[in-house]
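Inspection log for the structure reproduced underneath, given as structure tokens.
The chains carry the letters A, B, C, D, E, F, G, H, I and J, assigned in the order they are written, with residues numbered from 1 in each.
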Amino acid sequence: MPKDHPRSQEVSLLGSNGTQYAQDYDPSVLESVENTHSYRDFFVKFNCPEFTSLCPKTGQPDFATVYISYIPDEKMVESKSLKLYLFSFRNHGDFHEDCMNIILNDLVELMDPRYIEVWGKFTPRGGISIDPYTNYGRPGTKWEEFAQSRLLQHDLYPEKVDNR
Amino acid sequence: MPKDHPRSQEVSLLGSNGTQYAQDYDPSVLESVENTHSYRDFFVKFNCPEFTSLCPKTGQPDFATVYISYIPDEKMVESKSLKLYLFSFRNHGDFHEDCMNIILNDLVELMDPRYIEVWGKFTPRGGISIDPYTNYGRPGTKWEEFAQSRLLQHDLYPEKVDNR
Amino acid sequence: MPKDHPRSQEVSLLGSNGTQYAQDYDPSVLESVENTHSYRDFFVKFNCPEFTSLCPKTGQPDFATVYISYIPDEKMVESKSLKLYLFSFRNHGDFHEDCMNIILNDLVELMDPRYIEVWGKFTPRGGISIDPYTNYGRPGTKWEEFAQSRLLQHDLYPEKVDNR
Amino acid sequence: MPKDHPRSQEVSLLGSNGTQYAQDYDPSVLESVENTHSYRDFFVKFNCPEFTSLCPKTGQPDFATVYISYIPDEKMVESKSLKLYLFSFRNHGDFHEDCMNIILNDLVELMDPRYIEVWGKFTPRGGISIDPYTNYGRPGTKWEEFAQSRLLQHDLYPEKVDNR
Amino acid sequence: MPKDHPRSQEVSLLGSNGTQYAQDYDPSVLESVENTHSYRDFFVKFNCPEFTSLCPKTGQPDFATVYISYIPDEKMVESKSLKLYLFSFRNHGDFHEDCMNIILNDLVELMDPRYIEVWGKFTPRGGISIDPYTNYGRPGTKWEEFAQSRLLQHDLYPEKVDNR
Amino acid sequence: MPKDHPRSQEVSLLGSNGTQYAQDYDPSVLESVENTHSYRDFFVKFNCPEFTSLCPKTGQPDFATVYISYIPDEKMVESKSLKLYLFSFRNHGDFHEDCMNIILNDLVELMDPRYIEVWGKFTPRGGISIDPYTNYGRPGTKWEEFAQSRLLQHDLYPEKVDNR
Amino acid sequence: MPKDHPRSQEVSLLGSNGTQYAQDYDPSVLESVENTHSYRDFFVKFNCPEFTSLCPKTGQPDFATVYISYIPDEKMVESKSLKLYLFSFRNHGDFHEDCMNIILNDLVELMDPRYIEVWGKFTPRGGISIDPYTNYGRPGTKWEEFAQSRLLQHDLYPEKVDNR
Amino acid sequence: MPKDHPRSQEVSLLGSNGTQYAQDYDPSVLESVENTHSYRDFFVKFNCPEFTSLCPKTGQPDFATVYISYIPDEKMVESKSLKLYLFSFRNHGDFHEDCMNIILNDLVELMDPRYIEVWGKFTPRGGISIDPYTNYGRPGTKWEEFAQSRLLQHDLYPEKVDNR
Amino acid sequence: MPKDHPRSQEVSLLGSNGTQYAQDYDPSVLESVENTHSYRDFFVKFNCPEFTSLCPKTGQPDFATVYISYIPDEKMVESKSLKLYLFSFRNHGDFHEDCMNIILNDLVELMDPRYIEVWGKFTPRGGISIDPYTNYGRPGTKWEEFAQSRLLQHDLYPEKVDNR
Amino acid sequence: MPKDHPRSQEVSLLGSNGTQYAQDYDPSVLESVENTHSYRDFFVKFNCPEFTSLCPKTGQPDFATVYISYIPDEKMVESKSLKLYLFSFRNHGDFHEDCMNIILNDLVELMDPRYIEVWGKFTPRGGISIDPYTNYGRPGTKWEEFAQSRLLQHDLYPEKVDNR
């Protein structure tokens, strides 16, 4: 086991025993790490098929796969803290569209990324499923146009959905 | 259950008991909600695999999966009212292409969105299936060109269809 | 076109223009045809992915794919009449399990088959989908045990369901 | 809407507004309905892809698709109460194998079915996923052997799993 | 059944009993209907997995799925007449590439559309399958460039083919 | 090229130039070859996804994938002659169930096999597709019971059908 | 978080920080837990798509998905210890067939189960992939015959493999 | 690299440099290794998607995926020698059914296994594909009946074939 | 059979009996036919899943699916001659990248097309598979830029590969 | 076997017997070969589904499919050396994002390519999987903009991920 890895001290959460799971929406659990490759533009995507929240009106649980994709600047979101953050929606009630925009806002606040997008694909309620997609490019930079271009090309080929 | 959620009073349909299902095409059931993230362009997509209407000539039932995708401005369509609206086509007779354009028109009327598109994928009759796709960008804005661009790139890779 | 085919006169519904679609559950539309291969045991299966009925309590529409499979004796169900029969559930309200058992009963009444089974796979409501399966072998014959054997082996490998 | 359906009064939960969601494991929410086709052996299967519980040791959430399949005797489980029951595991901590056996036991207690089986397919932790399967045939009847036979044939063709 | 639908008289083929099926290539069976939404650009696609013709050299049958997609101007092709038209290739011999270009030419002649494309995906002969794709934009309009753009992006991600 | 292969003279059709394609149902084109491994029971299956016939009533074309599987005794069906035989249904009108039983009867007549089964999976008409399955074991031998056993286990897991 | 769960003290590995990963084959890492449902026969399956070992001859890495399925008696294998055990093959060299039989033997030694089976599906080398399957029923009990029955029905429908 | 593995000397082919590839059918390249687990019945399956031979009549290449599955007695076939053996069919001409029976015979000759089966799934010629399946149980032992049972259950659910 | 088709004399290979299969790489077998639709730009694609060659170093066989797609000018490649040409690589040794570029060069030489691309997807060796893609637009025309644009968009969404 | 192939002497690794597998990250094993088609821009892609490394913090193994795609200039990476290079990560600990950027950097150093991209798709840990994507175009050339364009279009349609 590579104990002497130079970045192994950086994040306190990895492998730690006494992890605390927040019981309601809690953006304070998010932690960032330094991006050691900021000389280059590159994407990092998180596939999160275990997202669940509550309907703000009825209290019934909602389920989604959330895809988060971003181009870091100086900071990156630490993946275990992201897991805890998403977990904190478990007993929290909010509309689908609000959840996705809130996640986007919190990650912009945390990392100040060059570009980021958040896509939620929810399971159906009443025979209809809802998929919100929101993105962001740093204002006043080329990434603003980058975001508009990706919005223009968003989901031209929707996945086949048959509720089974 | 988060009873005190600030938006929980906004929509009367959610969870209500005495829902009335319209028996024929009825756009008046559509309701809108306020978009609390109108400072940003983002997509909302509805996957609706349980759409059914009647053939205007023979009266036999038609079935489709309808995909509705839009970028809201100040208003969003409330999802349960959309379900009731789509349900109201159940005993209504109209051609495939007309249904999709009517849905588009009614949602433009309701929400005045920045951009919207409606795609229906019907099951086959006589060995042939029909998939109408129609879209709209608010006239006189950049969204008009946005709509043309998406039309240009529409369905370049058709799904494999073999009628089974 | 083979106009002089010996069986072309047998069924009045095929290709007829003035087909009447029943508005509620109507087993009287079912018609039978003679089985010209009754010297042999063989299966006929109908795949019916366009079944829809109403929830008896809420009135909301339910959707299912229904698989009907049987071994005929002297009679077979005419396929166009079966379509009309299944269509007659469109505005009829009944529980999933009842619908499948009723279809079984009506087809037994019509054809007196050696063996028959009916399997409905419904789309989800509230995150759960229901699949009733019911079968029948003619009492007092080997087909009774045949039915029990197929029940024993029923659905040992459930299809993967993820509500999308 | 078929208001006068004879069984529409039977279950109080369907469509009711003030549904209460239990916050921890609560088998008392389960309700049964009468089986009107008890003259016949038939299967009812529930596909439940939205099951989630907590790890009893670490508190982290677990996710599974649960398949419940049974042959009713005089009683059937009401599907909305089943949804509430499964929901009550949301903040409850128990091992995968325990959850499946507990569900089986509770449904046997509720319905006294002829036969029942419960299969959970969990998402991976540490690169390994766990799928418990448990079944039951009423003791002292032919259904006891029925259960052993299905156990013998269980999952001879495991689904392809690659953690993506 | 909506007998009084305003467009129900327009097309004589729908539901008619005495349909004549042409025995060889016959473009005269094509019929058009008025496009009531010509104020907008929208796509209509036909999925036709039951296309079959004969090899002009050997006489052996060829099979294909044909995808026809177009943006109508004032006229649309009536779908039942399209079925009869495609059926008329059944006993007609022509090369794959010729069939697709002929279909394109005939539909341009019939409808004078803004844009149209035809794609055939044939089953293999001698281990190789052939997929011709041809398109057209009305000359002297922006649709001419529209066609070139779609050609440029055509089939960048070929479907996986393994002849099984 | 192995010109001197001992079996290369046996069948006149392979590679021959002047093949004649029958225009209507013609069982006389079937040819048999000797089974050089008759000391053993083994299966040969033909997958025939390009079967097409005509509806005896309306004349419209029907399409199916036909699976033919058998255990030869002294004779085997030559595969190119089987192709011509199936082709001869192209302009022939008969019901789905009749076609499958006729194919079975003709191949029994030709080969006198130990066991044979024929399964047709047709594309839908009016939203319903039909799949006949028929089998045969040589009477008075163990293969008769073999056929009954396979009938008992036939299609316990129907393929998912959604008409697309 | 359910800290007071009665079984939370039983296994020391779950959530512990200082996990040691063995560098070569080490069956001593396996731990068992008590089966609290030993009054019933039920299956537990582990899906392990991240198995890797070394070729004993060339030293090149081999990859497999391993499926382990068993019916416990009084003991169950603790899942995190199983992960560490399988991990210990990472730098160990052995033939595919040996690895699977060794895993089976070690788990029999650990748990003394009623029944167990181990199936490895390896990635190809030189265009061929190898899938060993081995099983075991406790000698002198009905589980011995249980194992033979499952062997008889093993893999009658091999998955489609095309090396892509 | 585990150089001192006790079985690493056993097979000369693994990793050797000067491998000779036979140019025509050559069963002499097959080598066996000792089965160190002959105290148990277990399956070994080879998935061979790169099988190719020549048509004995026309000389055109044929392609297949071959599945070989067996229960060893004292000997096992060495996998690299099996690769060379299958490769030797590359320029050899024989009918599909003959190839599969020859492979079976050669492996029986080599290993004297308890049980073995060989299944070839060929790509189509003239729109039809052929899948021979042959098996063998050691005569005068229980494995003879084992082979008959598997033949009885062979391929009850044919894979979907559409020649693409 | 349409004997009098005007193009039926053009190609001598179709249906001919004495076809010669080249034993090593032989571009001289390629034949062209006239493009009767050269007034239009359209694509023709060949799907060739049965490509096999030899590794130039070890002599072991390589397998690939080759996709060839082009826009013809005055000439088209005759499909049966293409089959023979690809077949001639069977006993020829060359690296993957060389094979694809050679095929491209030979087809440019034969047809002088407006545009052409060749994509090979090989099966893995040592756990890695290689997919070369090469394209060409006629120099000094707009097709040169056409080729660069398609290169820019090439394979942005690689197919999922898992070596099984 | 083509012994006299002109390029067969170029690479010493192919088929060599005494291959040494590095035990930790070792870019020195990478070897290049000459690109004999440098007169043209073309892509070469490596699909590497057997990548595994260690978590730098916990030491537990990580698994990924890595896709490497590049346009060579004068040099190409030799595929067997690439296999050894990727293998050298097996016992090396580094974060996902670092691994992908390091591979990119090493291959740029080795080949000085026109363009290159590296995409890793990792299996999940704690319910979340991470997919880094990084690319590079030679600075000061048109390939720099080429890289930015591909970044802009990267992964607009994420694969469906459900952790099973």
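Simple rule for what comes next: contacts are C-beta pairs under 8 Å (C-beta built on N, C-alpha and C of every residue); 3 or more make two chains touch, one makes a residue touch a chain.
Bear in mind that the values here come from a model prediction, so they are computed numbers and not experimental data.
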item	value
Chain-contact steps, minimal, separating chain H from chain F	1
Same-residue or different-residue interface between chain D and chain G, half as cut-off	different
Rotation angle (°) superposing Cα atoms of chain D on chain J, nearest 5	180
For chain A paired with chain B, centre-to-centre distance based on mean C-alpha positions, whole Å	27
Gap in Å, rounded to a whole number, between the CA centres of chain J and chain E	44
Euclidean distance of C-alpha centroids - chain E vs chain H, Å	46
Residue numbers of chain I (touch at least two other chains)	1, 15, 21, 47, 49-50, 58-61, 63, 123-127, 129, 153-157, 159-164
Residues of chain D touching chain G in the complex	54-59, 92-95, 97-98, 100-101, 124-136, 148, 151-158, 160-163
Partner chain F, residues of chain C touching it in the complex	1-2, 5, 7-8, 11, 14-15, 35-37, 40-50, 65, 67, 69, 71, 76, 79-80, 82-83, 86, 119, 146, 149-150, 153-157, 159
Complex contact set, residues of chain C against chain B	19, 21, 47, 49-50, 52, 58-61, 63, 87, 90-91, 123, 164
List of chain G residues in touch with chain I within their complex	60-61, 63, 65, 121, 123-127, 129, 159, 161-164
